[in-house]
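Structure first, commentary second.
Letters A, B, C and D mark the chains in the order given here, with residues in each chain numbered from 1 onward.
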Amino acid sequence: MNTLDFKNFDKIKEECGVFGIFSNEENLDVARLTNFGLFALQHRGQDACGIAINDNGTIVYHKNLGTVPEVFDDVVLNHLSGQIAVGHVRAATAASNSRENAQPLVTKYVKGTLTLALNGTLVNARSLREELEQSGALFQGTTDTEILAYLIAKERLFTHSVEDAITNMVGKLEGAYSFVVMSPSKLIGVRDPKGMKPLCLGKYKNSYVIASESVAFDAINAEFVRDIEPGEMVVITKDGIESKRVAPKCDTALCIFEHVYFARPDSVIDGASVYEARKEAGRYLARQKPVDADVVIAAPDSGISAAIGYSQESGIPYEVGLMKNRYIARTFIQPTQEMRENAVRIKLNALKSVVSGKRVILIDDSIVRGTTSKRVVALLREAGATEVHMRISSPAFLFPCYFGTDVGSQDVLVAVNRSVEEINELIGSDSLDYLTLENLLKTPVGSKCNFCTACFDGNYPLDVSEVSKAGDFKDVHFIKKLHIEK
Amino acid sequence: MNTLDFKNFDKIKEECGVFGIFSNEENLDVARLTNFGLFALQHRGQDACGIAINDNGTIVYHKNLGTVPEVFDDVVLNHLSGQIAVGHVRAATAASNSRENAQPLVTKYVKGTLTLALNGTLVNARSLREELEQSGALFQGTTDTEILAYLIAKERLFTHSVEDAITNMVGKLEGAYSFVVMSPSKLIGVRDPKGMKPLCLGKYKNSYVIASESVAFDAINAEFVRDIEPGEMVVITKDGIESKRVAPKCDTALCIFEHVYFARPDSVIDGASVYEARKEAGRYLARQKPVDADVVIAAPDSGISAAIGYSQESGIPYEVGLMKNRYIARTFIQPTQEMRENAVRIKLNALKSVVSGKRVILIDDSIVRGTTSKRVVALLREAGATEVHMRISSPAFLFPCYFGTDVGSQDVLVAVNRSVEEINELIGSDSLDYLTLENLLKTPVGSKCNFCTACFDGNYPLDVSEVSKAGDFKDVHFIKKLHIEK
Amino acid sequence: MNTLDFKNFDKIKEECGVFGIFSNEENLDVARLTNFGLFALQHRGQDACGIAINDNGTIVYHKNLGTVPEVFDDVVLNHLSGQIAVGHVRAATAASNSRENAQPLVTKYVKGTLTLALNGTLVNARSLREELEQSGALFQGTTDTEILAYLIAKERLFTHSVEDAITNMVGKLEGAYSFVVMSPSKLIGVRDPKGMKPLCLGKYKNSYVIASESVAFDAINAEFVRDIEPGEMVVITKDGIESKRVAPKCDTALCIFEHVYFARPDSVIDGASVYEARKEAGRYLARQKPVDADVVIAAPDSGISAAIGYSQESGIPYEVGLMKNRYIARTFIQPTQEMRENAVRIKLNALKSVVSGKRVILIDDSIVRGTTSKRVVALLREAGATEVHMRISSPAFLFPCYFGTDVGSQDVLVAVNRSVEEINELIGSDSLDYLTLENLLKTPVGSKCNFCTACFDGNYPLDVSEVSKAGDFKDVHFIKKLHIEK
Amino acid sequence: MNTLDFKNFDKIKEECGVFGIFSNEENLDVARLTNFGLFALQHRGQDACGIAINDNGTIVYHKNLGTVPEVFDDVVLNHLSGQIAVGHVRAATAASNSRENAQPLVTKYVKGTLTLALNGTLVNARSLREELEQSGALFQGTTDTEILAYLIAKERLFTHSVEDAITNMVGKLEGAYSFVVMSPSKLIGVRDPKGMKPLCLGKYKNSYVIASESVAFDAINAEFVRDIEPGEMVVITKDGIESKRVAPKCDTALCIFEHVYFARPDSVIDGASVYEARKEAGRYLARQKPVDADVVIAAPDSGISAAIGYSQESGIPYEVGLMKNRYIARTFIQPTQEMRENAVRIKLNALKSVVSGKRVILIDDSIVRGTTSKRVVALLREAGATEVHMRISSPAFLFPCYFGTDVGSQDVLVAVNRSVEEINELIGSDSLDYLTLENLLKTPVGSKCNFCTACFDGNYPLDVSEVSKAGDFKDVHFIKKLHIEK
């Protein structure tokens, strides 16, 4: 690690959150509600965000690189008034982190304005893009959202409504996605047939709200109505709400990592509490491979819920053993040569009074490259821990994800071609245990969905032959386009 | 005038300048050459600018709101390396002044990247846009450039080269335009069949350069080769340059206002020196309606050349009678209530020693609303001028322009429905004279082109029925899209 | 609450952190070490920060409004090289939040450069300032740091060293403070005679480091050497370190609120672990007024340590019952009218699965105005809590603090003139208990200092007659000076 | 020239302009009036600016690096309300171009607030500064303004009014300066005993105005009352205006370069019109060394007035032979290697139609290093000029200026140790002539002041032994202080 990214220490990135609201009140401040909804979804993406408002057919929007509070202030929000709003937060790879790729995508097509905000990824993006180009399409950015917009525009020529166009389009998409569409008079939310990305429906007074996670409703004091079902489209107009199926019911495959890491602990997805699922994971870990120890601590913040569960199950006291610096930074400061090996301590600090002379159980949600885990274990030992037992609240990461998370090729995954014991040695812990997949699947108690576990077992719920064959499976362009921000 | 725009006092705005370069040298810094070329074209648009570079098929670009020195610095330019570059400066109306509309437009289409920079306007934009939407097109901005890009993308499906696609497209365009296109391996420049917008060809060492005006070549020490002809396309590749006709020869109609005001005095357009044309206009004015006076002064800067011509013809000494504040400002500061009537003096100051007790001839290039002229005349009288004789180096502005300048409806034009004597009374001068159209047409000595004089006589060289019928002839969207810059 | 300050919900603000380093290595990157040290002290002030470096007698510095990662990036840090560095993070009141007040204060005086960074406040600032003005002093900002600099400059005229000047000066100061001084060849750290503000000494390889809290050493992997004693001055030169007393030993009075709230849990102050002190407070609370309940939860983040202690003592399970949005924002967004009452939920969210149907014990560190507590209790009830028992890990706040914290007059303090039962009713909890002062004083186990408890019992360790008489006790200017940031 | 400074091509920099207003009206917008006054004085300094307003004893101010329109906008101006205002524009050397050095200087001293804006330089700054440091003074910036403020603060202790303090202070100053002071209830303007820097008095309705040049009054439609006399202090209070002498009358020595280059042509200084003085210089040049030629052209903008005078005297027609790019830029873009020799053409372009085949007389105001002149002559020859005769409207620059202009040591001055013929050869002109000092002194017709001509003849009107002995005569600090702007 030559430079220091304060935000991400060896963590997988989720790829976006969406929000939509259709006002049925007089003078509802849909822009501020969207702003606060997006702020609650900020954990799903901190690289760019945007809000587009439909004011009687005219779209006013603002989007930029940055977090919600960086991009929006009172001056901007005061200019955003209207009746329907769509918002987006984005997690980007370095290559794609340009203003052009910020969402919502606002376009004009044959039937007026068409605004989209997408969470997810298509696995047949390349062929769809090529097919569209073969019919004269132009792409100005590199997100899949443009593909959806084009397909809707094409389908709309032969259908009677934007809903029909969307339904036809969904038939052509292969991917894990949820999206909201704003037409001149409608707000539409769609979840992919397998429900791989979450999407839910809420009600704010008499107005309907759509969001990636239920916490967005909590933030604005909206009522959670229900999850949008896999393969369902909800269409909100001034006449109310309608539900349609855009795909026949099939096996569902919600990304299990929503429960492991992506979603906020206070969200409830498809009926299962994320916090309880994580605590449950901790409980299973305590039973899987018991160890004699003095304290249970968490890798903050992602390991906290599981550590509490582990403590409750094992009876070993839960303590704050690692302190995290809360002052999130966008900038990358290069640490000094002397500090490089210890760069992790800029973000994390071990509490000597908690770990010194103690046998420590350290709970984390996952290990990607293993470099951070190794450094954290070293940090605990320096602080006097006599033993460090690492427990991971998910199975080993063995297969790449093609569905919109930032996990690259197998080359970077520490668990590929290594036994648990080898990893244990590599990171320097006294013992290591991963949650079994079998146990993990039992943690989202009450879930109405089944799960995608491809990153653990390679069972992809979609045909990934197109993306997996690519040299760099994330880049569907043989010609790249960069944007320099000044 | 409630707020004070330091940049524009009652002036018509030109709508853009373009620049392109194709390197045939090793390590030619095409980005800096484009930067300096655009800086020389800055008078054609100060609202936005951009540069896109083709580096072996990859496009790297930067564009933003602001002037060339505001948008580009060494850090940005250092990131822009490649072999082909396209640049653009933009003058925008308030409504369209968004980052989305900044050019060059960079897109990916069926044959790779397609980059466009356009100076001009289509008069059949609405019908072209609707036709494209009928085939599934999406528009993300409100400029005509997207229309061109789509048409090229469509035509390219059925043609063997981007040149052929452009040739077919030109057949569908009605408008006044010049544009440059950058494909993965070519730089192409096209001037509309009537040559309404200028475009010329230069040579920098062994590399070819294209620009809206010859001053861009002077700035980088490139050699002026020739004007690109109306209806001509030049195609520059590594194998050299080729010229093709994209339209049969027809009557030409270069915008006469390029000579009156738009172009820089040091430019030479279609063989005629702009400075000499303006001086010639001053000479004709001196002969048209002689007046006994002590000094000839100019409304700076646009009246200077004509005032020198007038002085030389009349023998009345030329003096600096009005001083202009050179510190151009983007911001609009509201003057105090007390100052409002005299706001013009923030930008202009009369030299008492020059005008006090003198009979003054004031030369300006044109009068739009008349409000500024009235204030300048008052300023001169306050400074002690005993007489102020106004001379305008172009005819009265009577008809709207649909070809990419910022002259609105006839409602704002002071000369519509007013005699010269009425205008003279309105602005408070002792006498007023406009250059006759007949004389004006004689001023661009040596011009190889005829001229569009529609704003003076209503003889539009193109069919403007589509745009002139529109309520607001500039807006082809029934649905508007705004962008809030933060 | 009409606007929404994401950063501070009814919290007391600490007023600064200081850092200093004197390099005894070749090419030590003192700027980056200071940057990371300040980043670890960021919790002590997020309004402004700065770093000044002494490069062989020349001072190079950068300071501005904002957090450490906002103000410093690699480009700035690369320009800051030298052998001695002083850094500062600042918490400001709205009135004083100007660039002029950012520290370190860099000045030139009779013996060369004099750079100061101060944590704390003088209670005799007004009379010192007036006395200095009476001798011709000028003040350019409103911080007490200028007073210290002037006094040193004055004393230096009659003393043989800057140390002697500082010693003389300390004799004139009445206040709670720690500061670092950088002279052309020395780094000096001073802690006030009563040790009211913390300051400690560390070692990085062969170089000495001074910081407000030990966490700054952890962040750069420096070794903690010891706390600087109340009334001690340490002088670091190339010849090593020297300790001198600047005041005779006396009763010490470290601000007890460092343990309650200000300091980071992973800091150790005067021998006592902050985390353990807070846990101990939770344990005492559990014993003070036991209550039958199902879960113990914390008001994040300040109540977490005490809640864990409470849980361990009572045996009632600790859970995450309130989730905090981690995306700190500087901007104040006005919530919609409808949301105003519930604005707290933008920052905090209750976990239904944890509190629904449960009797909840909520631990917080303090109550200032009571408004936030009331809203949090309501939030928990809405989420289904059947009972909410509030436990506060410090006594009731009854007296203003004059020593550099942002607690205003008694008017805002909810506990003034209200019984515990009245406050319980006001905030809507089922029961309420404050930690007794007697118990609080037992929590910093191992502390070598006694404590200032003035905010709880009115026993001020210093004569506060000068500041307490002032209408606004914080403003020593009868003439105010504001700075508008653009 | 490795980098390209768009602003300054081998030009001397003036070091500031000042403005002050004392309102006697209800609700006079003194901030906007000051803003527009400073905008008119912008040519005197573009590096930093500021406005401080006294609102019934409270000072509100804003200052920053940048031009007036860059630093002030409507939002900032709306926050600046009050009855007395002081403003400043600053030209800085690279080393001193920090926010800390921006003026006005706002301080608090024994009698309340003290605000200063200074144009000029002290030649005894070093000894005054040392003397002040010997009495305990601290300096936070590197401008002489702090010295003045300290001296006033010191003197005020023993005097009955700020006027008396200022009078005493002036007795200690050696230098060329004008300044305005704002006390809690007074606006005071002072011009140095020799009147080396200009300062004048105006009236806006019933309110008094002070400014460096009369153009500031023209900009706000204020009436020019009179020049403030050398050694005069004007004191403006609510009771009206009073004039006092702060020094006995003596030989005056207004900087002659105000007429040659610094001041705006539309200013009138001490009774002499700058425009007429420059024209007169042109007339003398025409008589001094007549030459047969076809056109007279100016190096824009500084040579325009003299070129018109030359043309009128010689009968050779005046033409625009060099066009200047008006889009002023702060940024320095490094030209490409190929362009370096011709970098001047980015700013200037020769008009071929004017100079081709012509014998050209080129008028400029001065030559500093000679590099730019050489390039301009080459530019004209490339454009076809058959002869280029250079005429300079001031004598050769032979001695350094110690009075606040940016002319460095004699090393850089091309005329030192070179005959006129040698310079002619060096810059490549066909003939060269400088205006004689005798003639120059005749050009400011009607001037009530004598002139400082030290840069031409070495006759310094003040004792410059202190500054001329210094290694670097501009730096009075043996310890430097830099500020990094981010």
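Rule of thumb we're sticking to: contacts are C-beta pairs under 8 Å (C-beta built on N, C-alpha and C of every residue); 3 or more make two chains touch, one makes a residue touch a chain.
Computed from a prediction, not measured in an experiment: that's the story for all the values here.
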Centroid from C-alpha atoms only, then distance chain A to chain B, rounded to Å. What do you get? 48
For chain B and chain D, what's the span in angstrom between their mean Cα positions? 36
Hey, how far is the Cα centre of chain A from the one of chain D, in Å? 59
By residue number and range, which residues of chain B touch two or more other chains? 73
In graph terms, nodes being chains and edges touches, is this line, ring, star, complete or other? ring
Per the touch criterion, the pairs are A-B, A-C, B-D, C-D
Name, in rising order, each residue of chain A that touches chain B in their complex. 57-62, 64, 71, 73, 75-76, 79-80, 99, 105-110, 112-114, 133-140, 146, 149-150, 153-154, 156-157, 184, 477-484, 486
Which residues of chain C touch chain A in the complex? 6, 28-29, 32-33, 35-36, 39-40, 42-43, 46, 67-70, 72-74, 77, 205, 215, 218-221, 264-266, 268, 273, 275-276, 301, 304-305, 308, 312, 317-320, 323, 325-339, 342, 345-346, 349-354
